[in-house]
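Going in written order, the chains are labelled A, B, C and D, and every chain counts its residues from 1.
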Amino acid sequence: MPDSRITLDGLKSWLQEFARLIAEQRTQLSELDAAIGDGDHGTNMDRGMQAVVASLSGETIDEMVKLAGMKLVSTVGGASGPLYGTFLLRFAGSAGPTAELDATQFAAAMRAGLNGIVARGKAEPEDKTMFDALAPAVQTLELGVAGSFADTLRAAADAAEKGRDATIEMRARKGRASYLGERSIGHQDPGATSAALLLRAAATTLG
Amino acid sequence: MKKLINDPADVVAEALVGVESAHPDLRVDHANKVVYRRDASRPGKVGLISGGGSGHEPLHAGYVGFGMLDAACCGEVFTSPVPDQMLAATKTVDGGAGVLHIVKNYTGDVLNFEMAAELAAAETGVEIVSVVTDDDVAVQDSTWTAGRRGVGVTVLLEKIAGAAAEAGRPLKEVADVAREVNANGRSMGIALTSCTVPANGKPTFELGEAEMEVGVGIHGEPGRSRQPLAPARDLAHVLVDPILEDLPFRSGDGAIAFVNGLGGTPLIELYLMYGEVAKILAGHGVTPVRSLVGPYITSLDMAGCSVTLLKVTDELLRLWDAPVNTPALRWGV
Amino acid sequence: MKKLINDPADVVAEALVGVESAHPDLRVDHANKVVYRRDASRPGKVGLISGGGSGHEPLHAGYVGFGMLDAACCGEVFTSPVPDQMLAATKTVDGGAGVLHIVKNYTGDVLNFEMAAELAAAETGVEIVSVVTDDDVAVQDSTWTAGRRGVGVTVLLEKIAGAAAEAGRPLKEVADVAREVNANGRSMGIALTSCTVPANGKPTFELGEAEMEVGVGIHGEPGRSRQPLAPARDLAHVLVDPILEDLPFRSGDGAIAFVNGLGGTPLIELYLMYGEVAKILAGHGVTPVRSLVGPYITSLDMAGCSVTLLKVTDELLRLWDAPVNTPALRWGV
Amino acid sequence: MPDSRITLDGLKSWLQEFARLIAEQRTQLSELDAAIGDGDHGTNMDRGMQAVVASLSGETIDEMVKLAGMKLVSTVGGASGPLYGTFLLRFAGSAGPTAELDATQFAAAMRAGLNGIVARGKAEPEDKTMFDALAPAVQTLELGVAGSFADTLRAAADAAEKGRDATIEMRARKGRASYLGERSIGHQDPGATSAALLLRAAATTLG
């Protein structure tokens, strides 16, 4: 897939687009969280991503993404700060001190990020978390689809959205929503919703 | 929303200005929103830090001082603090004997403290042990949940572990004492009204004029069930019975009995509740060897109360009775 | 009305059951509704008693103990106690050195304490001096009124006079110290919501969502005016300015600064207010040498706060700092 | 006025009738107090007078009325307890250890009672208190009116009611109502209202 070089600038655009989508859907994300959590997911992520885009810098991919991850950790608080932060930190570690990634390296970095989330949050499939949106997307990136890398990215974003939608029927077993038990069923998970935006931003900017 | 505040966004920062003016024994790092004992760190003493979302005052900043915490990390209202805060606090209070992190069991708190511990260990090699409180019996089925929430026991644990640290005990022992407190304490709360988060400007949930939320969390999380409000003598059973079911006391056991106000309930009602709780305990042969009655871990302006029972040994009681000098708990000094 | 009570008629009696269970250092005479230090009377020590309507907890029962009151007489909610209660208390705490009556300036309290003093003097010849607190600057024109109401200064006076009595000073001196405190202290309060008296079941007054009652009394008496709710920094002026106008401080003076919660307002707001008050004091060159922040004289579940400033001498400060051991104020012991 | 002997039983009836009227108008008295005080005057007086009638005893007038006064003091609390209590105690002192009073002695006892109220509460005319109902009534008793003692008692009760009504336009300078300043004007004083009932009860039972 020689058409699939992902550059430093590309990754920058990705994070900027993610920040834009978060800001745009901030209220909606917080409302989802209000239904089954404490109503701050949109505020948390928006505060964090605004800080990230305001300080984007670095000569290599690992440098830039690590900084972004640290920034997120330092500004978000709540569950999503360490989780998304760890995602980016592990992504950076997998990517290494390079200025470009190919599709395989990108998928590997995404897998490393997801593994970081699991290591930190111990989420299992169908716990009704961001994991349920990210896992099918990462798998799609790893397997690829017929066509261009852009097609794979779009397929991954679609998979994330399908995963996000599937959280509606799940009973939460992690995070604040788990206190609701049965009553968490019927509500879409806010973290899965923001995770789907991360993948949609990738499809828009990296394809 | 009627509150004594300026801009809702500044509540925590401005309350810390007041804490600093009111308590010369404390030092406030305003950039990091960390409250310190003025004399932290003390060489050879295990450092104790805690923290969490704000809105539960006096927890945690009100428990900073001799014989209790060395530092409290204050998050935004009901939002866990970020690792930078605990990292700064850990480095500052470390007196060479290691640092205990006291963390209430909420995913956000646990993860942020965890990252802070990793960062601190990486940066300075300081030894850190984390003890997580999870005493809220309202959350039942823990394989299906993020686990029980940390509530009232946190106050008792900070006092008792603080005394152990002040006595010069090593980190491992201080942590063991802390875990023993958590293992032997249980809590249950009820809300008569919702709290109102300043940034939201409206009540977190709605309750009818004759309703209560049984098993409410200190952030206004829903509890076990919504029930009709009942006389205090019945409410005492609603609170105490699930605790006794979960933590079997034997007749003759001693307990610290803690009736906590959630912020909007006045002391006269808390004492009345304490009387009802004491009667139930007497019926089970449990002696409340020490009591604590008042708003010690609150949920902003929520009306309601929680009951915490801690089964104590002579040793735990000695540590409870040891001198403490903080804004919210003080005796023996 | 949502309260943690049984029958509204039993609130005071049942709260006293809780006080007794929670505080083994205290003894409760349930028939007379009087709370005593367990070791009252002490030979040669001036006895200190206070009392008033209930609903202001921890005032007064929470201030019974070493270094403060010997007894507190608890009236029904917001109703002054009857002379029998003060008569019993006076006789019980008299250790031969006479008894100080600390009375908040409300006609009912003043008259009932007065009758008690007459009856006690007639029955036993015990020497009694009454000191009446009247520190509420909200009540202005005192030739046209029953005089200023006794509010926040009462707490400070009970502590300081209690220390003088504990130090073995004679009745006249203890009374002089008490009068000095009253003369040098002023208070002002605002309500954000009404309180609800259990027996009435509904709020005493109505306030709009954006209104406050400026100069409210601790029984929900109307104040100087009803005004739009404002940011905390403006409220601090509303509270502090009339005090400073009434009790001129000179730059360099020291004060005990007391930000009091009225029952339904959480600590985070009180600390924020304290920060604002401290800023204003700094602007006048007044140093808050000591602080008190919390719900110490309340009006049931009323949301709001009051500010009390007491101009102190070194001597008053020494008495303030002296050891005290009561349910609500404790240090040095 | 040989038709004007007031007996122990007559005084007993007087206190019983006063208690009955207070109980009957309890809510109304508390509502008057709610407007300019703390809303407990009816409750206070009712609690006290019920206790008084439940324990009426004594062989002489001073004994019975003194007991009643002590009972009132012990059960009412608030401003009205010591004030009405002192009224009865001083009344008893003036009456002395006798089983009967004539009209002059009765008027003197009422004056002694009123003086007790003034000694205790320092009320002056037009302070908007119970004094403003009692004072004109006592004066009427002292001066007498043409006709029988019963006529004098009725005139005294009328004078008390007139005094009570006059409190409406007064600005309170004593008691809780004084905190209201100007805003106390336009409301009838609760203590003056109960005092008028005391005189009406006398007219009903002693005439």
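Points worth noting:
The criterion applied here is as follows: contacts are C-beta pairs under 8 Å (C-beta built on N, C-alpha and C of every residue); 3 or more make two chains touch, one makes a residue touch a chain.
Because the structure is a prediction, the values reported are computed rather than measured.
Rounded to whole angstrom units, the spacing between the C-alpha centres of chain C and chain D is 33. Centre-to-centre separation of chain B and chain C, using mean CA positions: 29 Å. With centres set at the average Cα position, the gap from chain A to chain C is 57 Å.
Multi-chain contact residues, meaning those touching two or more other chains, do not occur anywhere in chain D.
If each chain is drawn as a node and touching chains are joined, the picture is a simple open line. If you check each pair of chains against the touch rule, the ones that pass are A-B, B-C, C-D.
Against chain B, the residues of chain A that register as touching in their complex are 38-40, 43-44, 73-83, 85-86, 120-121, 171, 173-176, 178-181, 183.
Considering their complex, residues 2-7, 11-12, 14-23, 54-55, 57-58, 62, 192-193, 209, 212, 229, 231-233, 235, 259, 263-276, 278, 288, 291, 293, 295, 298, 300-301, 303-305, 325, 327, 330-333 of chain C touch chain B. The residues of chain B lying in touch with chain A in their complex are 53, 75-76, 78-84, 106-108, 111-112, 114-115, 139, 141, 144-146, 149, 197, 199-200, 204, 217, 219-222.
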